[in-house]
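In what comes next, chain A is part of two complexes: it sits with chain B in the first one and with chain C in the second one.
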Partner chain A sequence: MRREGSPFTGVGTVALKEAADHMTSARMHLIMLLVLLTAIGSVYGAIDRIRDTTAEDPHLFLKLFTVAREPLPSFAAFLGFLLPLVAIALGFDAINGEFNRRTLSRLLAQPIYRDAVLFGKFLGGLLVIAIALLTLWLMMVGLGIMFLGLPPSAADIVRGVAWLAVTLAYAGVWLALAIAFSTVVRSPATSALAALSVWLVLTVFWSMIAPLVAGIIAPIDPFDPMSIVNRFEWQQLIARFSPQTLYGEVTGLLLDPQARSVGPVFAHQLRGAVVGAPLPTTQSLLIVWPQIVSLVAAMLILFTLTYVVFQRQEVRA
Partner chain B sequence: MSAVVLEAKGLAKRYGDAVAVAGIDLSVHEREVIGLLGPNGAGKTTTILMLLGLTEATEGSVTILGKDPLRQPLAVKREVGYLPDAVGFYDQMTGRENLAYTARLAGMSRELAKERIAAALARVRLTEAADKPVATYSRGMRQRLGIAELLMRDCKVAILDEPTSGLDPQSTQELLELILELSQGGMTILLSSHMLDVVQSICSRVALFNKGRIGFFGTVEELAERIGRGSFLIDVEADGIDLAQILQGENGITSVVDSGPGIWQVEAVSDVRPTLARRIVEAGGNLKNMNLRRARLDEAYNRYFREFANAA
Partner chain C sequence: MPARYGQDRSSVFLLTVFVMIRENMMRTITRTLMAAALGATLLAPPASAQESGAQTAELSGFWLTTSWPEMTIKPGENHSVSLSLRNQNLPPQRASIEVTGVPEGWEWSLKGGGREVTAAIVSPDSSERLTLDLTPPEDAETDRKYPIEVRARTDSGTVSLPLVVRLSETEPVTSGLSVEPELPALRGSARSTFSFKIRVKNEGAEDGLFNLAAKVPNGFHTRFKKGYGSEEITSVPISAGSTETVTLEVIPSRSVSAGQYEAGFEVSGEGLTGTADLKLDVTGEPQVAIIGPQERLSGEAVAGRETSFTFTLANSGSAPAQDIELSASQPTGWNVEFEPKEIAQIAPNSASEVNVKITPSEQAITGDYMVTVRAQNDNISESAQFRVTVKTSTVWGAAGLAIIAAAALILGGAVMRYGRR
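Let's look at the complex of A and B:
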């Protein structure tokens, strides 16, 4: 049975309304204040450290994002940790909030498809995150220029923008997860808790679980050196189920032109290589392309699952 | 007869083994006000959702304004307005902003929307509260805002689910007057309720729902004919007898209810006052008063549903 009319009727309206709601909500203000303060702190620390140590580094600008001074984490590590929180805060009551306010049935009685509601909610959240990220990024660049007195090179900008795009996809994964929970779970508090537990497991405990599971699947045989490599590869595979691992690998490659691989490197592979020579931007991108694709795929899969559940859901309160 | 705007044939909805709606037929003409009546859980809301295409029917078909709500949902929803049970609005937004949002969703231009919203708010007397957040609105005001939304969208058909539930008598009356105005303005209206006496004044026809079926569909007068007549209520006041005992086995008497010392309410299929008087006197009682009245429609209606419940 084919339906008539475009499923995208009203997507823009819903997305803009959602974005406007987020922009004015106290929840968003609080969490952005937290992000902003920590960001300023980590950049300040990084600038201080860059001045002290790596004054002759050719990619000084990218170091702004990755260099950390104890006890503060680097800006990139810090986004990897806090962005999921922002995304969950924006998405955890997307659908069940409408349901509890009893606005869902009225909304669905408007001349739009259900698709538009879900899609609009997702786009609205992503739009807000994109605006926040861009602002943060520009702020970092500005602070860097001000304090280091050094304009970024074109290559630095390209890498920085590519990294920004991947960061958005990473946030999108968490937003899709939060909206998925908001569709399946009827109570906003439960859905927020569920999303936060997944976040906690994947960002904090996953790095402990991965070696444990890898050790069980591929135990190390003391007489077979390859078994160590085998085990490491298993561990890496399991660790990559966490979007944070993927994001960390992309960050490492994109923001450090000297990095060459995300996996183990053997001595013979390094023969003839000029250690410390930077890779072209496209080569760095190629190395982490699978990670980037995985992030986007995770986002799409979560969104599709939500979509299927939402289409079949009863709207009556 | 005017054109048929809504037609349902053999509409049924099952959730696993549970039957919510067990095959109903409904045909609504232009400018009619139809009351869907029945106790909670009788299948009214499910029927409404199926009519709108918000829930897929297990069996049967619906045609609204010549369109199928499952195949052409956008075209149907553009012309059919729905006011859900206990309608919700975005609390932080003002009444006007809430309407502006639905106007944008309907694809209305900004100028047209502004004009129509102002007119609609004026008609439901919400102009003064229009720029306050909906969080400050009373229940009656929210319902009126819901009506304003239907007015603004200029729907041809409006489906209202329990529009008067939870309202005080004055707000109920105001809302019913508004609905009557909508109908006079050319809108076809379906409204559900579990209170017959509330909506009987504005409905041109009513459908009685019970256990997922329509037990009766017709005008209020026909309903009175069917379930109200044939039942005579006689209040009897007498001393020194037990009326229930005396009348045992008497033909034509349905029930005798003791409603106080020396007062009974007798229900019968015909006017049995002469028989009653003779019986009481023969038994040596003092007959003080006897008063015949016809059953009120809402009494008959309530009895109708009680009988259904007992029969099941």
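Let's look at the complex of A and C:
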């Protein structure tokens, strides 16, 4: 039976309410405190390191995000590792939480469609992450200017903003995954565990699984050097199933203007090349464009699946 | 210990003093002995004394001389006559000097040691030089002899020196400086240095410092060197009667066109002048420069796709450049083609355009590469480094957008199918 009006009526209201709930929740406060502390630690380490070693770098500002001092990883690596955690924390009980509190039917008694609830929950979560990211990013820039005493160039700002947008898409993938689990699995604890196990597998164990699987698919023939290249390409392909790998490649290219390629580079390709010459920002973006597209598409498709499943669910529990 | 040491020191001192006194005594004794010996020689037989006296008597005396007692000079010009007073084997002689016979209206002065003098004392066995400056007036009667007499009066007598001065309007024929280039005509390109070796002989009576000058066409540079030396000089001292070799280096301006050029060399000083005419035969030379598109040496290209750049070959030399062959060295897998591949001729001060088609390798990764473009023929070889920025094809960017659009469409389709529940 068709109903009248736009399915998106009330999305904004739901999204803002959701965002406000997240902003005031203790869960969000705790996890943001964790992220903030680690971020400050890594930036402090990076600034110390930059002062010591790279005094003359045309892209000193971008180094803030990528340089690390030993026990701590760099800011970009931290985000790649911890952002999924933030997204999962925001999304693992988005739908099944409402079920368990028996508030979904009360919510749908309002003049809004089910579409608006799901869209609103996703957008609300994304909005909270966006605000948190922007705050972190501005804090980084501010600390950098304060401690290094040099303003970033326009090109650096453009690269930084592009990277911020990709980071948001990366967080969106994990948020969509968490909401998908919360839709499919009825128990919030189970959905949280499921999302966390996917996160663990894809961020921690995937780098071990990828060479293993690649070795089975394309074994190395000691008499054929090309088989090494072949195996490496397989390994890279499998590794790219993890959003973290994609995000890492985007980070590498966007935050390092001198990087030219994400894949293997052969010596003959470098003959006659001017090594160390920075690429234009658009060229860096074009090189990692497939990765960016993959992240955005993965987010959209995960959300679409969730949407289809949610729309077909029985909500009158 | 210190006490004994001191004693030793004082005893050594005493010993030294004693030795010194003894030596002095010895010296005095020796001197006395020698004086006695000399006295003995003076008292020797008179025969030998007379013999030595006869030898010196031959040349003893007091003279007033000059090298050239008769001369021709020009009216209105200052002329110096150098005089010499010679005292041979006589006690110091005081001589008052008088000049007589200088015509009315002539300016004259007698100088010794830079001042006007009227007397001189000549010590034994030496000479004093004097200079008689004569300046006849402009309107003095020419082609006539003027006798002038210089007298030196001493206690024992008078020596006189008669001079004859002839006035003539015409310049004396001898210049006093002979200039002789070793090779008066040289040939070379506009880039070469023309080195003329020139022998300059001072035929005048006096040593002098001579200034060097050269007259060359505009834009040419000159420098002087002495012989095979490396120092640049502006003047050269040449003593009377001797020869110096001077090197004149002429550097033509780079932009000079081929042809014959004249250069003048002049040495002057001490009232003497010598000149020499030199010839430079400058042969033409092409000078080709490679100019990139819009005078830039960088461009953009896409991997695997041909891009054409218009290069300009400009000849700024003085001769046409012929049969120029174009070549390039490029990264592996790249293809560089020229159109035309050879240029038959570029006239001086003109240019020729060449299309350079650069195709980066299919596998070229994004970034900057260097391609060297070379133009060469038998005598020129020019190269330019061209920086090619390889860009990623935007086709994949569009494909990526299409994928995102497809994902969004699927979401839209899902909303259409399942929406509004």
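Everything that follows uses one rule, which is that the second predicted complex is superposed on the first by the 314 of 317 C-alpha atoms of A that agree within 3 Å, B and C clash if a C-alpha of one lies under 4 Å from a C-alpha of the other, contacts with A are read in each partner's own complex, and residues count from 1 in each chain.
The criterion applied here is as follows: a residue touches a chain if its C-beta (ideal position, glycine included) is under 8 Å from a C-beta of that chain, and two chains touch if they have at least 3 such contacts.
Values in this document were obtained by computation on a predicted structure and should not be read as measured data.
*Asks:* Fit or clash for chain B plus chain C once both are placed on chain A?
*Replies:* fit
*Asks:* In the overlaid three-chain picture, which partner chain does A:260 touch, first (chain B) or second (chain C), both, or neither?
*Replies:* Once the two structures are laid over each other on A, A:260 reaches chain C alone.
*Asks:* Of the two partner chains, chain B (first) and chain C (second), which one does A:113 touch, if any: first, second, both, or neither?
*Replies:* both
*Asks:* Have a look at where A:283 lands relative to chain B and chain C in the superposition and call it first, second, both or neither.
*Replies:* A:283 sits against chain C, while chain B stays out of touch.
*Asks:* Count the residues of chain A touched by chain B and by chain C, then name the partner with the higher count.
*Replies:* Partner touching more chain A residues in the overlay: C.
*Asks:* Which partner chains sit in contact with A:246 here, chain B, chain C, both or neither? Use first/second/both/neither.
*Replies:* Touch status of A:246: no partner.
*Asks:* Of the partners chain B and chain C, which touch A:269 in the superposed model: first, second, both, neither?
*Replies:* second
*Asks:* Determine, under the contact definition given at the top, whether A:5 touches first (chain B), second (chain C), both, or neither.
*Replies:* In the superposition, A:5 contacts both chain B and chain C.
*Asks:* Rounding to a multiple of 10°, what is the angle at chain A's Cα centre between the Cα centres of chain B and chain C in the superposition?
*Replies:* 160
*Asks:* What is the contact status of A:308 with respect to chain B (first) and chain C (second): first, second, both, or neither?
*Replies:* Touch status of A:308: second partner only.
*Asks:* For the superposed arrangement, tell me the lowest C-alpha distance between chain B and chain C in Å.
*Replies:* 7
*Asks:* On chain A, what residues does chain B touch that chain C touches as well?
*Replies:* 2-5, 113
*Asks:* Touching chain B in the complex: which residues of chain A?
*Replies:* 1-5, 9-10, 13-14, 17, 21, 24, 101-103, 105-113, 314-317
*Asks:* Going by the contact rule at the top, pick out the chain C residues touching chain A in the complex.
*Replies:* Result: residues 330-334, 361, 363-371, 387, 389, 391-392, 394, 396-397, 400-401, 403-404, 406-408, 410-411, 414-415, 418-421 of chain C touch chain A.
*Asks:* Inside the complex, what are the residues of chain A that reach chain C?
*Replies:* Within the complex, chain A contacts chain C at residues 2-5, 7, 113-115, 260-261, 265-266, 268-269, 271-274, 277, 279-280, 283, 286-287, 289-290, 292-293, 296-297, 300-301, 303-304, 307-308, 311-312.
*Asks:* Please name which positions on chain B make contact with chain A in the complex.
*Replies:* Interface residues on chain B, with respect to chain A: 45-46, 49, 52, 54-55, 70-75, 77-78, 81-92, 101-102, 104-107, 146, 149.
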